[in-house]
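You will see subunit A twice below: alongside subunit B first, and alongside subunit C after that.
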Partner chain A sequence: MTVVPASEVKSRMRSYIMQRLLMKGDGAPLHDDDLLFSSGRLDSLDAVELIMSVETDYGINFSDLGFDLTRLDSISAIARLVEQSSVEPA
Partner chain B sequence: MAARSRARPAWRLIPEIDRDPTLVTGVQGVTGRIALCGAVAVLVALLSLVGIDFSAALLAMGCAYAGTYRRIFILLATSLLLYRSGFLVDAPLLERLAAQEGVTDRISQPLLQSAMLTLVFALFSGLLVLQGNAATALRRPTMCLLLGFLGLVLATQSTLTIGMPRVLLWSFLVTCQPYLWFLAYALADAGKERSPVWQKLSVFHPFWGATLTPFGKGLSYLRRFEAKTPEELAVTQLKGVKLAAWTLLLAVGRGCFNELVHGILWLPTFDDTLLRHIVHDPYPRWIGWTSLIAYFVEDLLGMTVFGGIIVATARLAGFRLLRNTYRPLESASLADFWNRYYFYFKELLVDHFFYPTFVRCFRSHRRLRLFFATFVAACLGNLLFHFIRDIRFVVDMGLWNAVVGEQSHAFYTFVLAMSVAVSQLRRVPQRATRGWLRGRLLPCLWVCGFFCILHVFDAPLDREHTLWQRAEFLFYLLGVTT
Partner chain C sequence: MVGHNLGLRFQEIVAATPGAPALFCEGNSYSFRELNETANRFSRWLVSVGVDRGAVVCLEMPKIMEAYALALACIKIGAPYAFLDPAAPAERSRLMLDRCRASLILSVREGPGARIVVGDAAARAELRKAIAEFDGSDLPQTTEITGADPAYVMFTSGSTGEPKGVVIPHQGVLHLVEWAGNDLGIGPADRLTNVNPIYFDNSVFDIYAGLLNGAAIVAIDALRGRPPAELVAEITRHRCTFFFAVPTLFMFLDSMHLLSPDWLPNVTRFMFGGEGYPLARLRRFYDAFAGRAKLINCYGPTETSCICSGFDITAQVFDTSEGLAPLGRLNPNFSYRILDEDMKPIATGGVGELWLGGPGVGLGYINNPQETARRFRQDPLIDGYRSILYRSGDLVEVDRANVLRFRGRADNQVKLRGYRVELEEIDHAIAARTGITRALAAVLHDANGASRLLAAYSGTKQAETDLRQHCAARLPAYMIPSRFIWLEEIPVNANGKADRRSVASLLDEAHAKAS
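The block that comes next holds the complex of A and B.
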């Protein structure tokens, strides 16, 4: 698996998540460490879309990882997940 | 939940005390803390006047100020309240069962219950230790837990367990049952949460309140919401006071509504209306509709008040939990209503049924994958949760009758799951510019109307009324039959 730079993952994810937040009328700023699901800004259906996006874009199989939503709970967490999965494919 | 972060109107019924810098600073000092405790004591007194026990809020204030001893405080407060409620064991059920099995004179119920509690908590501790070790961890802990529980329920039906073995098995099951979903969360967390086992056990039915549904999930979830600084604690506690005050208003509103509907207008309860129809002496159709709508409103208010008290107490203890019921009447879709109506139950189903299914099944079929995972959570998970919650029916009615008695609720969960799944598949996030009528009012009316009608199959949730009796009642309401 190709190692994707964390900055690229963050930039892509920020744009994707911002888009979903805007669709919900949430235009508040979004920082890399802001909680997405724990804060209630995104819901479980957004999680589903996010999972599918990460699976498609980075080839991650969540069933192999042992699914844990906290690993998607911020842009930084998603970047870490992608980085770890690229280094140590399950 | 997205609406939680939207812009708020300038005027509010409950002032935004948590956003006032003077107050936030003030309640961090000794005088401010005393004033806050006073305000909480007033709320405890006022809520008790409307029949709501908010006394755990006083324990919560102690917990918040316990500093480094907060974990020990939680353990002690939780143990104290559990002790006061007999550790939630259904003792009358076990006494009835002992009499049925003819072993009443051979066992001491208090001794048996103490022994079972010791055994159950020792077993929970052992499981948590094993799950914390990668070599011995179960890959699908919730599934194993549920299969184990249901396997033992099946074993109680065997002729081999007649008499004392059956009493012992049921005693074990009834002792486990109130903690089952707390254990499920703790097992799911065990790999990432390295806290001592006693800390994990201390939030099994935490003192701020819960049902079989954990409000605040497990320790790792709570840790994320725990106030880390004096300022965070002040804001969290002020949010708790605000929520308690709002809950008080809703409780008063609920009381007035009940008085108006049942006291002044003499409208029968929904249960009465259904029962009268079953015995072929129905009320007029319009009374049926009115009682159904009144029941829907009472249910919404009841759920908001009940969850509000628990979350307010948790916030006063320093845990900034999300509200359980959040503006359900603003829901624009069925899936959104479910999310807003009973958040922690929805989270339980999502965490233990939806995500595990979603990440494993039909991975290459986007829509089928979403549909199936929603079905597993909203229908099968929902049904299983209620079967376990009402496990006493198996003792009282036998396994077969208890399962058959689920028919109406099974239909309810099936329709709910299908509707939520379709709602999720159809959901295209819309910009909030569709206008008030099309964007807000019509979707809300549709969603509320749907859930209101669906209540016919869910309330009262007993095992007495068949699916057909309830369907006949709905046909009557719709004018299909007379």
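The block that comes next holds the complex of A and C.
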């Protein structure tokens, strides 16, 4: 698996998530450590989309994470996961 | 003696327990007496502004007390109501209003038609003042409404590119209420969540299975914009005992570590339906509440009064190689046939299309005789008298114990986050854009049972954000494809028809390549 730099993951995820937020009329700033799901900014519908996007884009299997969404709860958290999975592939 | 329509049945409950809480909403609580009196005032007010029996009243509003009282008010005068999504794109809302030929629209936003806007506190106060002049006692005309009269109109996606409004009679809901009382044990000691949006079929269960069994209902705003932990805390603060939602929501709460007896100590029954709950995920839910709460998988098309079967999840369910739990046995007063494409019965154990019969079958699609004729059909095995079945499009298999299992769809209907979606409606919406010659939506599934909506189109290549905006002006959020992929040409099958299966595999490839 090719290693994707954390900065690239972050910028890609940020633009993807901001697009979803904008569609619900949420134009507030989005920082890397802002909570996405716990805060309620993203909901159950977004969760399915985000999980599938992370799965297809970075080869991370949600079932390997024990279906734990709190591990995708911020842009930084997602970047960490991608980094870990490229170091130790599942 | 029990009432033969929903209004009378509600009044019986009011007479039995007038002071009991009926509705918790926006931080207030209303007893059965208060809710009934408000409904009665609304009934008389509706009549005074010209709403007749049989005329449709559209209620485009969120979960405010007036919404529930107005629905009951319509029920009492025999004017079917239609709850519409106040956040739906204006164009989609217009299509639904046109179909209803609404005699009155109560909405939180401006728009076409004979409309009263109740968008802010001042307008709501004015409406409350207007109805306060009317008498709050029960109306004599409620007794004239029969069980076969329409109670409500519920919109669902349509394959012709426009939503269809299903008309459901009082008797269909009365059977649902009875099943909820007898089989699910819902009674005055219960409190039901109303997390399901009121313009969504599942809320019919919340409202009527609750109120008409003497239980209270708790209006809870969907997740939009609020922390999920708050939603769960609200359910617990109200001591809800029955929680019905789509699997997507339960799976989300599970993923956020919020689906446990610690968070939801009072819930004794969880029910889910509207889409399949993948067994691998269901196992976690089941284990978390083992011995503490019952889990029920329910099934039912909107056209047959919300729910027509339920199945109690037991440990044995997980011992099979099936991906989903069974749909269960049909509820009392439902009949069925499992037929092949030539409308011939399928031998026991075979897979065929489910056709549903009985008094729970709807009255058709509002002002839409073509679609009604397509789906509400004479039982092909009976020609001596009228026997209308609803042709569900669901492919099922039944075992010797009469337990139904879902085996797919006979058409292009899919379930997305519990919402029923006809893929053709999305095709039509995309193709309405200038420069696009053909469009085809498809759903890709991952190994965990999650599904994702993608679309392919041909014609002029366009920016994805433009296409997304175009769709957002026509379709609700759950129907907007997450990616749009341009194809030189949309593949067709031997008959020259666009081939959705090949498009799906092309999308799968293109999607993998793009990432």
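Basically, the second predicted complex is superposed on the first by the 90 of 90 C-alpha atoms of A that agree within 3 Å, B and C clash if a C-alpha of one lies under 4 Å from a C-alpha of the other, contacts with A are read in each partner's own complex, and residues count from 1 in each chain.
Definition applied: a contact is a pair of C-beta atoms (placed from the backbone, for glycine too) under 8 Å apart; a residue touches a chain by one contact, two chains touch by 3 or more.
Note that this is a predicted model, so its numbers are computed, not measured.
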*asked:* Between subunit B and subunit C, whom does A:Asp57 touch in the aligned arrangement: first, second, both, or neither?
replied: second
*In the superposed arrangement, does A:Thr70 touch subunit B (first), subunit C (second), both or neither?*
both
*After superposition on the shared chain, which partner residues are touched by A:Asp43: those of subunit B (first), subunit C (second), both, or neither?*
both
*Is A:Ala28 touching the first partner subunit B, the second partner subunit C, both, or neither of them?*
first
*Take the contacts of subunit A with subunit B and those with subunit C, and give the residues found in both.*
23-24, 26, 38-41, 43-45, 47-48, 51-52, 55, 61-63, 67-70
_Touching residues (chain side subunit A, partner subunit C) in the complex_ = 19, 23-24, 26, 37-41, 43-45, 47-49, 51-53, 55-57, 61-63, 67-70
*For the complex, which residues does subunit A have touching subunit B?*
20-26, 28, 35, 38-45, 47-48, 51-52, 55, 61-63, 66-70
*Considering the complex alone, what residue numbers of subunit C touch subunit A?*
222-230, 248-249, 251-252, 254-257, 280-281, 284, 417, 446-448, 450-452, 465, 468, 472, 477-478, 480, 482, 511-512, 515
*Touch list for subunit B against partner subunit A, complex*: 1-6, 139, 191-192, 220-221, 224-225, 322, 335, 339, 346-347, 350-351, 354-356, 358-360, 363, 366, 370, 373, 424, 427, 429-432
